[in-house]
Amino acid sequence: MGIRVAVAGASGYAGGELLRLIAGHPEFDLVTATAHRQAGAPVTAVHPQLVGLDLVFAATDAATLADADLVFLALPHGESAALAAELPESVRVVDLGADHRLRDADAWSRYYGGPHAGAWTYGLPELPGQRSAIAGATRVANTGCYAVAITLALAPLIAAGAVSPADVVVVAASGTSGAGRAAKTHLLGSEVMGDLSPYKVGAHQHVPEIKQATGATGLSLTPVLAPMPRGILATVTAVPTGDADPRAVLAEAYADAPFVHLLPEGAWPHTAATAGANSCHLQATVDVDSGRVIVVSAIDNLGKGAAGQAVQNANLMLGLPETTGLPLFGVAP
Amino acid sequence: MGIRVAVAGASGYAGGELLRLIAGHPEFDLVTATAHRQAGAPVTAVHPQLVGLDLVFAATDAATLADADLVFLALPHGESAALAAELPESVRVVDLGADHRLRDADAWSRYYGGPHAGAWTYGLPELPGQRSAIAGATRVANTGCYAVAITLALAPLIAAGAVSPADVVVVAASGTSGAGRAAKTHLLGSEVMGDLSPYKVGAHQHVPEIKQATGATGLSLTPVLAPMPRGILATVTAVPTGDADPRAVLAEAYADAPFVHLLPEGAWPHTAATAGANSCHLQATVDVDSGRVIVVSAIDNLGKGAAGQAVQNANLMLGLPETTGLPLFGVAP
Amino acid sequence: MGIRVAVAGASGYAGGELLRLIAGHPEFDLVTATAHRQAGAPVTAVHPQLVGLDLVFAATDAATLADADLVFLALPHGESAALAAELPESVRVVDLGADHRLRDADAWSRYYGGPHAGAWTYGLPELPGQRSAIAGATRVANTGCYAVAITLALAPLIAAGAVSPADVVVVAASGTSGAGRAAKTHLLGSEVMGDLSPYKVGAHQHVPEIKQATGATGLSLTPVLAPMPRGILATVTAVPTGDADPRAVLAEAYADAPFVHLLPEGAWPHTAATAGANSCHLQATVDVDSGRVIVVSAIDNLGKGAAGQAVQNANLMLGLPETTGLPLFGVAP
Amino acid sequence: MGIRVAVAGASGYAGGELLRLIAGHPEFDLVTATAHRQAGAPVTAVHPQLVGLDLVFAATDAATLADADLVFLALPHGESAALAAELPESVRVVDLGADHRLRDADAWSRYYGGPHAGAWTYGLPELPGQRSAIAGATRVANTGCYAVAITLALAPLIAAGAVSPADVVVVAASGTSGAGRAAKTHLLGSEVMGDLSPYKVGAHQHVPEIKQATGATGLSLTPVLAPMPRGILATVTAVPTGDADPRAVLAEAYADAPFVHLLPEGAWPHTAATAGANSCHLQATVDVDSGRVIVVSAIDNLGKGAAGQAVQNANLMLGLPETTGLPLFGVAP
């Protein structure tokens, strides 16, 4: 008999990917999927890629969820905290929303609004010491999608003193699933195909999360919406403080990380290579003209950027091998 | 110790998907991947989605392959037969090429040219009696990508006498990976994005294969290249011979087929829902205006249309459960 | 001083394309663009491709429109008739909606519902005699997007007696802009990219229009949503009645049509080649296996399928050369 | 009788767009299109979007071209110089290749290799004084595609002293047509759809051109290949030197530029809005967290980034209004 798993907010894109991963996980039994507006509908009416999975959406309430051993919360930002507060401590909870990511209540209010719910253990296992912190936690705040792509590229360089934290410039493009499944005109296929466009320039809510996770003190983040369903490509540049080889720093940081790959020299990350997987691909160089360090990272925003990451955290929380049930390889082309 | 598996022609798209599936298969040990022009290169130089897989392409020769228990041939049409002839009978072989699909030597010559290599057991397990035929075979000819999508939609209706075999009209659109990985101008991203275009109209080499597999005697097939990497959507229309409900016929035919799903009434197949999976989604109706039966099927051309199908066949040949190591669910969105 | 032109319903995709064409038309002065919900907003807030056009959406009412010499109605189906009835006969009106296309009131009710507004002159100039009918009209019903693609492929063959009208099978795929600009989940970029899916199978409202325009008596139409913003590719098959060469029939039918091109033998239509233009590309063959005639046509659903067609009709109504202000060439790649 | 125009290298994507623009230009007569390998083929065999244009590719030689009044060279980098040297001074020449862009012979050798052909008048009319320089020239070096997007965003800010030239960080993504029409595996539709990937990181040949055109002294450029046929989105960040409002600087710089639009506050550029047009859309802000100025520009790489720009330059050289024959509005969606 496996670990009983529930997903709250399973009608969104991260929720659907969670269901796919949980259904294929050798230790998990998917017992409950909740959805506010879709309660009563078959899961496959919303997620046709899961045809064959015989499950009906339940309503989202704490009593239903409390019956599980492990709960993933994939709710809109600001909705997790109240629900989580009603779950018994014995239930392990991974929150894919932002409610419990930030330690700084002011930053929370500025970027998300509303009351700050407090911070949980931050669910990025590849940060130093974080694997064991997660293993000891019953509440984990999953990372933001941009945050994980950028933090994996940047954190080791700042930690090693190889780059200055004060002047980090990032342009990161995301596939459309990062913007969610709510029907909005600017996310229509007609609008996004053939189009690149920035949004929330200088105002993205992942900025304080990235600064908290990396130690960056000055961060310019320009998010871009890209014409593809999945994937984040983050280009991170920073000013080197000395002659440290950024590739060497990254290689050492991720020597034991099964999902983070520093590519061979000359190979640059492709988002398509991470589609459907829990992987992060990295490459780094020092720019000849500007002298800046450039690190590029690619992830699947629904994989390492959301659902894959959440399962990785749950594996650690439950004492399972980190890679259990998680795709190592992407679906490409 | 697992079954030792080799892939010949592993640098193409079907080859890459085979490597992904084999690497994740619980009973398979991937020991060899060969490639003509890429011999000596790391597999990940060609397939970045497999980063983490530590394997170098070998040259394609029989001696190397003969060392495996199971060989997948993913070679250009016309190249499998000579190589297969050199492999010992004890090695199980699944040929993803067309060389051994057709029983009719004339049809072979007309559509492919060159000498006919003879027919192997046809690798479509969902055809009546075919599961056991495959289970008893050491040589299996995997299906063509269009052929599997169209045959799954059509064969049960002809077999049941529900439609006439004499006037079948099919329009089937495929993602670009079906056209292979060779660099050709008309397959450039710049050419295919935003574009739909038919090709090989009335001249596609899968016509005789579909007729052989379904019993159709008159078949009009218009293939269309679609702006997506993966997926086939086949619209199959035929003239009903009586009042049989096409949905009932299909439901009965695939009651025990784990990968073929007749969708609930009102739901139509989406290719994206099959991406990365070995599934086939079907829906059928009788057209009000024309009285024709319309069946639509969706597959991933690299999944159920090629590599997934090949692994399914291999599972049967080896006495494994049919679904071993095969994704049931698609990667969407 | 030019012809004063107004567009009602200018916030949709056909409306936006109309504004682009009118703004570039040497004889037209764009004086009014109306939009129900966007009234008061700059046109460029909705249509950023028109940046530089200094115009604010007005509310949609007859008084505003009556001031123009020429009015294009690009309203949702069922909304044109009442508005048109309030416009003085001296104002020329082209209705891009369906309200005035069908002569058969029963067919209207069955496919659209509600009361039938009666039929106007049908706005497909390439039909025999239709150019002069349009030239003499003050009210013209523009064609449906699928209808124009299919009718141009089929009508001459039926008219010439080259194919039977009784068994026409069509599969036609459209880019997403054909589904409009209203925010709907199934039209999100995340849903449509990488996906092909049929819809309204055997139930599309263009069926009676196509039958009326071509004389087809039995018509199976399967519409497919394709992952591209613009374009329709229609594959039309029919049973030949004799040995007539379908290419010869089409060549003669369109010898004097500046926008309809029968491609050289061996070249098949590409939707991308018609993007932004008012062109229709055709090719035809007789299928070797089935004996069916196959005609494939490509148009831009917003060009010859909507706005371009509408301007062509308006040119004829006003006695201008048919091609005035209309792009002959597509924007590709 | 119009100006006789020839295009050398007309089989590529920039060449095809030139043909489209020239064919629609009221003062130009398209007399010659040359192509090395396609000589003798109809233009429409390569560019189906131009069906209706009755022209056959000639071989590329100076004698053929010398007969025209105006010659556009759309040849691979390094091939223009020798050909241009053979054309009489009376023929006006716009070179879309890189051969005559750089004044610095060392930079040329470093980024392009081979002998430096010397610099022509730089064809970016929106730079101060450049309109009149172009008007007086018979030889104009058209801008690089990335260079025009980045220079229009950056040059006024450096010129006004509003930002430091020493630390400019740019990430710019381009559609695939920017990589040309030669058949290469990494440009296949299967590879690029769903994918973002950087290339030539810190090594792109437009770096010296941008530095020359803007005065930047330290420039980090990360080019990214994006899954769309056309469009460049450049995100340019720089360190402000004082309190100058970057929007005010840009507004003043382009007050009289018909093709460059600073968008209203809050609206950010979309590449799709520039498709098929000669426009550049700009927006700027000061990033709250980092204090950096962020300017984003969008162009069509084949429009303002190549063919449109070339026609704009030719208009100026010939004393025609700058906008003659050039699309002001994009084709969207």
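Here the chain labels run A, B, C and D in written order, and each chain numbers its own residues starting at 1.
We adopt the following convention: contacts are C-beta pairs under 8 Å (C-beta built on N, C-alpha and C of every residue); 3 or more make two chains touch, one makes a residue touch a chain.
Only a predicted model underlies this, so the values are computations on that prediction, with no experimental measurement involved.
**Student:** Considering only chains that satisfy the touch condition with chain B, which of them also satisfy it with chain C?
**Tutor:** A, D
**Student:** Please identify which chain has its centre, taken as the mean of its CA atoms, farthest from the centre of chain C.
**Tutor:** Comparing chain centres, A lies farthest from chain C.
**Student:** Report the inter-centroid distance (CA atoms only) between chain A and chain C in whole Å.
**Tutor:** Roughly 44 Å separates the two chain centres.
**Student:** Suppose each chain is reduced to the average of its Cα coordinates; what separation in Å results between chain A and chain B?
**Tutor:** 34
**Student:** Quick check on chain A: which residues sit in contact with 2+ other chains?
**Tutor:** 13, 175-177, 190-191, 193-194, 227-230, 270, 272-273, 275, 332-333
**Student:** In the complex, go through chain C and note every residue touching chain D.
**Tutor:** Going by the criterion above, the answer is residues 13, 16, 20, 23-24, 42, 45, 47-53, 176-177, 193-194, 229-230, 258, 261, 263-264, 267, 270, 272-277, 279, 281, 327-333.
**Student:** Show which residues of chain D lie in contact with chain A when the two form their complex.
**Tutor:** 167-169, 171, 173, 175, 190-191, 193-199, 201-203, 207, 211, 218-222, 224, 226-231, 233, 235, 237, 268-273, 275, 283, 285-292, 294, 296, 298, 332-333
**Student:** If we count contacts the way the header does, which residues on chain C are in touch with chain A in the complex?
**Tutor:** 13, 175-177, 179, 181-185, 187-194, 227-229
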